[in-house]
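The two complexes that follow have subunit A in common; it is paired with subunit B in the first and with subunit C in the second.
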Partner chain A sequence: MNSRVFHIATNTFREAVRDRVLYNLIGFAVLMSAAAVLVGQISIQIERLVVINLGLTAVSLFGIVIAIFIGIGLVSKEIDKRTLYTVLSRPVRRWEFIAGKFFGLSGTLVVNTFFMAIGVFAALAYVSHNLLRSDIGVLVALYFIVLQFIIITALALLFSSFSTPIFSAIFAFWLFVIGSFAQDLRNFAAMTHGVTRWLATGAAYLVPNFSALNVITQVAHGEPVPHSLILFNTIYTLVYSIAVLSAAVLIFERRNLK
Partner chain B sequence: MIRSRQVTAIAGTMLVCSIVSAALLTRAVDHLRPTAPLQEMLYITSPKLLKRLCLGYDGLLADIYWTRTVQYFGGTHSRGGGTYKLLWPLLNITTQLDPQLVPAYEFGETFLVAKPPQGAGDPQKAIELARSGIQNNPDNWRMYYDLAFVYYDQKDYRGAAEAFLRGSQLPHSHPFLRIMAAQMAQHGGELNTARMMWSATLQTGPDPLIRANAAAHLRAIQVDEDVTVLEQFIQKYRDKTGHLPAAFSDMVSAGLIKGIPLDPIGHPYSLEPGGRVVVSVPEDLPFLDKGVPSGYVPHAAPKLFPAG
Partner chain C sequence: MPAIEIRNLEKIYNAGFWRKRSKRALRPLNLAVEEGEIFGFLGPNGAGKTTTLKILMGLVFPTAGSARILGMDLDDPRMKAQIGFLPEQPYFYDHLTAQELLHYYGQLSGVDAKQLSRKVEAVLEQVKLSSSAGVQLRKFSKGMLQRVGIGQAILHDPKVVFLDEPMSGLDPMGRREVRSLIEDLKARGKTVFFSTHILSDAEALCDRVSVIRQGELRGVGAVAELTAGVHGKVEIVWHGATVPAGIRSMGAECHAAGETSRVIVPEENQDAALEALRRERLRLISVVPVRTSLEDYFVAQLGAPLKSETVSSRS
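After this line comes the complex of A and B, so read on.
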C-alpha cells in the first residue's frame, strides 16, 4: 500500500472512531451478557448454540449496518464538506482516495469484529465453562463475516461514488439481500432456457455470493468447514472486491466534481 | 450554570417518572387484558418461507423458535387445560430451520406423544418428527432411540424393536440399544421392559425435564407393581378372615404386611371400600394405570419432580 493510500485509510479509521462507531460494542456486550445469562433460564439445551448463533449473527448484522451507513457517506460526505477538493488538490490520485477509504473502513470493521469476537468467546466460555476444539469453527465463521464486510464496503463505496447517500444505502442493502439468495438465483437460472437462461445465469453470477459466506449454523453445531471453502471464499472476496472497486474508480475518475 | 443544572435535574426527574409511569400503565393494561392472543399465534406458518426470509441467519431464528416452543409448552402446561395445538407447528418450524437441533426432536417427541394433559397426544406427529430427526441426523443413535420410544408408547413393539436394532447398528451407539431390541421383540408389553426403557432414559436423558418425565413414569410403574402385590395380600386377608380389611392396620395386625405401605414419593397408600388400593396424593404421581382414587380427575398440570 503506498503512503498516500495508507494516510487516507488511517484518517478514515480515525474519523469512524470519532463518529463513535465503536459505541456499537457496548450494545453488543449487553446483548451477549444477556444471552449468556438468560437463555439457560428460558430455553432448553441451547445455551452454546444461542451464544454462537446470536453472537455471530449480531457481529454480522452490526458490521453490515456499519459498512453500509459509513460506506455510503465516504465519498458524498467529502464532497458535501468540500474536503475532497483539499485532498485532491494535493498529489493524491482519485483511485488512491477510493482505495484509502476502502482500507480505512475495512480496518474499522476488522477492529470492531475483533472486539466482538472476544465478547463471543467470553460468553461461550461463561456458558460452557471451557472452550472446545470445535470452537475453532467460530473463528472461521468470523473470518467469513469479515469477508462479507469487505464486499459490502466495496459495494457501498461504489454506490457512494455516483449516487446520493440514501440511494446508495438502498442499493447496497438490496444487493446484500439479493446476495443472500445467490444460491437460489443460480438454481432459478438453471431452470430457464435459451437467451433467458444466459441472462439469468449472468445476473445470478453478478450478484455477490453472500450465501456461501454464511456458515454460522454449521459451526454452531461443531461441523467442520472445508479448507477448500475457506480458500475459495478468500479468493472470491478478493476478486469480487477488486472488480467492484475498479468500477468505483472508473466512475469516480470520470465524475465531474465541479 | 445554575439554570442549566436546574434544567438537567427537572428533565432527569421527568424522564425517570415518565418511564416508571409508562411501565406501571403497561402493567395495568396487561391486567385488563390477561390473555392477550400472542401465545396462540404462529405469525408465519410456512417453515420454507421463514427460512428464506431470515437471509441465512436460520440458526438464530431456530433458537428463537425453539425457545418459543419451550415457553409455549411450559405456559400451556402450567396454566392447565391447554390443547398444545401449536406444539407441532412450532416444532416443525424449529426443526426445518435447523435440522440439527437435536433437543427439539427429543423434547418434541416426548411431549407430542404424551396424552393430554401431559402432552399433545399426537403420536403420528411424534413419529413424523422422529423420522425427520433420523433423516437429518442419520448418525445420531438417540434419534432411533426416540423413535423406538414413540412406537413403544403406541404398543407397536415390532416397530420399536426395529428402530432399536437400526440404532444399535450405528457406530458409537449405546450398547443397551441392542439389548432393548431383543427385549422389545420378546417381551414388549411387560412391566420389566417398561422399567428398562424409562431407566435408560433416566440415565442417559440429556435434559432435566426429560429425566423428570422418566422418573415420574418409573414411579408410576412402581405404583402399578405395589398395587398388584398389595391387592394380592388383601385377597389373602379376605381368604383368611372372610371379609375385606377396613384399613392397612388390619393387615399389619394379621401379620400379612410389616407396616403401612408407602408409595414411591413416601405418602401412605389408602384402602378404598371394596378392597381397592389407591395412592393418597394422586397429584404427585402422574401417568398411573393402577391406584388412582375413585372419581379422581387428573390435574391439568401434573407435577414432575426433579429426577434422582
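After this line comes the complex of A and C, so read on.
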C-alpha cells in the first residue's frame, strides 16, 4: 500500500478508536448478545437459534450504524473543520486521501466486528456448553457482515465527498434498507413490463445486494453456506466498492474546498 | 526565479441553488514574491486573501490564470513537499496529541522516519509546546492550536511558508512569539507569504506588502519605501500633565497619559511649541517627525476606486 494511504488509514483508525461513541455502540452490541442468552433460556430447544439470530443481527445493525455514523463525517467533517487543508497542502493526492479514509474505517469495523464476535461466540458457548462444527457457518455470516460494512463504508464515503452529514446519513441508511430487499426488488422487476421493468431492473442492480450478504437465518438453522456464494459475494463486494470509491474520487478531485 | 509567481489568477464562484448567480472572488491577479523575503498580503475581510491562498494550496481551482511555486505547478507533489501552510483559525484532530499530530504530518510530508522523532521534538521546543506534547488537541487553547499549526507548517523544513492570519486570536505575548518565529524563518532563508489585516504586524515584519480589495490588487511596494514619506508634522512629548498656553493656542490636540503629554504640530510651529515648553519649565522627552504609516498607505489604496469601477464609469 502507498505509504501516504497507510498513514491516513492509520490516523483514521486511531481517531475512530478514540471516539467514545464507538465504545457505546460496541457495548450495546455485546449487551444484545447477553440478552440473546436470556431470551434463549426461555425458548426451549432453540437457544442456539435465538443466540445466533439475535447476536449476529446485533453485530450487523450496530456495525452498520458505526459505518454510517463515522463514514458520513470522514470527508465532510474534515472540510468543515479545515483539517483537510493541512493534509492536502502536503504531497497527498486527493485519491490517496479517499483511499486512506476507506481503509482506515474498514479496518476499524473489522476490529470492532472481531470484538463483537467474541461476545456472540461466548454467548453461543454458554448456551451450548461447547462449540459445534456447524458454528463455522457463524464465521461465514460474520465475514459476510464485514463485506456489508465495506460496501456501506464506501457508500458513506461517496456521499460524504459531496453532501452534508445529515443527507449522507439519510442516503446511506436508505440504501442499506433498500439493499436488504434487493432480491425482492429484482423479483418485482421481473414481473413488470416496459419502462417500469427497465427502471426497476436498473434500480435493483444499482443498489447494493445486501440480501445476498445476509445468511443469518440460514446459519441459525445450521444450513451450510455454499462456497460459490462466498466467492461470489467477495468478488461482488470488491467490484461494487471499487466502483463506488472511484465515483467518490472523481467527485472529490473536482470539488472546490471553500 | 520568483518563489511564488501568480499570473492573471481569477476566481468566480457560481452561487445559488441552480448555480446561476456568479460571485467574483478574485479579479485577474498578477504577483511575484522573491525567494527569501517576507511578503505581506493585506486586505480587509472578504478581500480575496484566503481565496488566493486556497488556490495556491490546490484546495480551490482557479477560473482562469495560473500560478507557480518554486517554478513548479500547483499540483506537483515535489512542490508540495517544499511548502508549509497554516490555514486561518486552524483546527486539528481532536483525539490526537500534539506529538502524534506532528508525526502524522511529518509522515505525509515524506520526512525520513529515522529523523522524524528528533524533528518533532525540535519543533515542539521551537513553538514552546514541549510540556504539552502528550495532551490531546481538544484540550488546547486557541493560542496553543495556533502554535501547533505553525509547528506542522515548518516541521518538514519547507522553502516557502504560507500563513493565513497567523496572529489571529493570539494575545500580545502569543503574537510576539509568532513574530519571532517568522523572523527566525527569514533568518534561515525561507520565503514567508502571510495574509493579515493587522497592519502593525505587517509593518514590523514584511519586506514587501500588497493590498487587495474586493478581489483586486490595489498596490504592491516595499514597506521601507511606503513608510519613508514624512507628513510635515512633528510629535512632541514632555513630562507632566500641564499643556502650555502657547501650545493650546495652536489648536493642536493634546493627549495626556500617566505622567507624560504629547502633541502633534506642523513642522513650522515646532520652534514655537518648544519655546512654550521652555517658558513653563516643562521637561522635554522627545521630538520625532511623523512618518507615513502602513495604515496610511493601506487606507489610501482602499479608498481609491477599483479599476473596474473606473472602466464602468467611463462607459
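Miscellaneous remarks
Note that in this section the second predicted complex is superposed on the first by the 242 of 258 C-alpha atoms of A that agree within 3 Å, B and C clash if a C-alpha of one lies under 4 Å from a C-alpha of the other, contacts with A are read in each partner's own complex, and residues count from 1 in each chain.
Everything below uses one rule, namely that a residue touches a chain if its C-beta (ideal position, glycine included) is under 8 Å from a C-beta of that chain, and two chains touch if they have at least 3 such contacts.
None of these values were measured; they are calculated from a predicted model.
If you put the two complexes together on subunit A, you find that subunit B and subunit C both fit without a clash. Of the two partner chains, subunit B is the only one that A:180 touches; subunit C does not reach it.
Contacts of A:15 after superposition: subunit C is touched, whereas subunit B is not reached.
In the superposed model, A:128 makes contact with neither subunit B nor subunit C. Within the superposed three-chain model, A:256 lies in touch with subunit C and out of touch with subunit B [touch as defined at top]. Once chain A of one complex is fitted onto chain A of the other, the partner contacts of A:216 are limited to subunit B, with no touch recorded for subunit C.
Contacts of A:93 after superposition: subunit C is touched, whereas subunit B is not reached.
Judged by the touch definition given at the top, the superposed model places A:2 against neither subunit B nor subunit C.
Taking every C-alpha atom of subunit B against every C-alpha atom of subunit C, the smallest gap after superposition is 20 Å. Contact residues of subunit A toward subunit C in the complex are 3-4, 7-8, 11, 14-15, 18-19, 81-93, 254, 256-258. Those residues of subunit A lying in contact with subunit B across their complex are 39, 42-46, 49-50, 52-54, 57, 60-61, 176-177, 180-181, 184, 210-211, 214, 216-217, 220-221, 223. Those residues of subunit B whose C-beta lies close enough to touch subunit A in the complex are 52, 55-60, 62-63, 66-67, 70-71, 98, 100-101, 103, 107, 206-207, 209.
By the touch rule above, subunit C contacts subunit A in their complex via residues 13, 54, 57-61, 77-78, 80-81, 83-87, 89-96, 100, 104-105, 107-110, 149, 152-153, 162.
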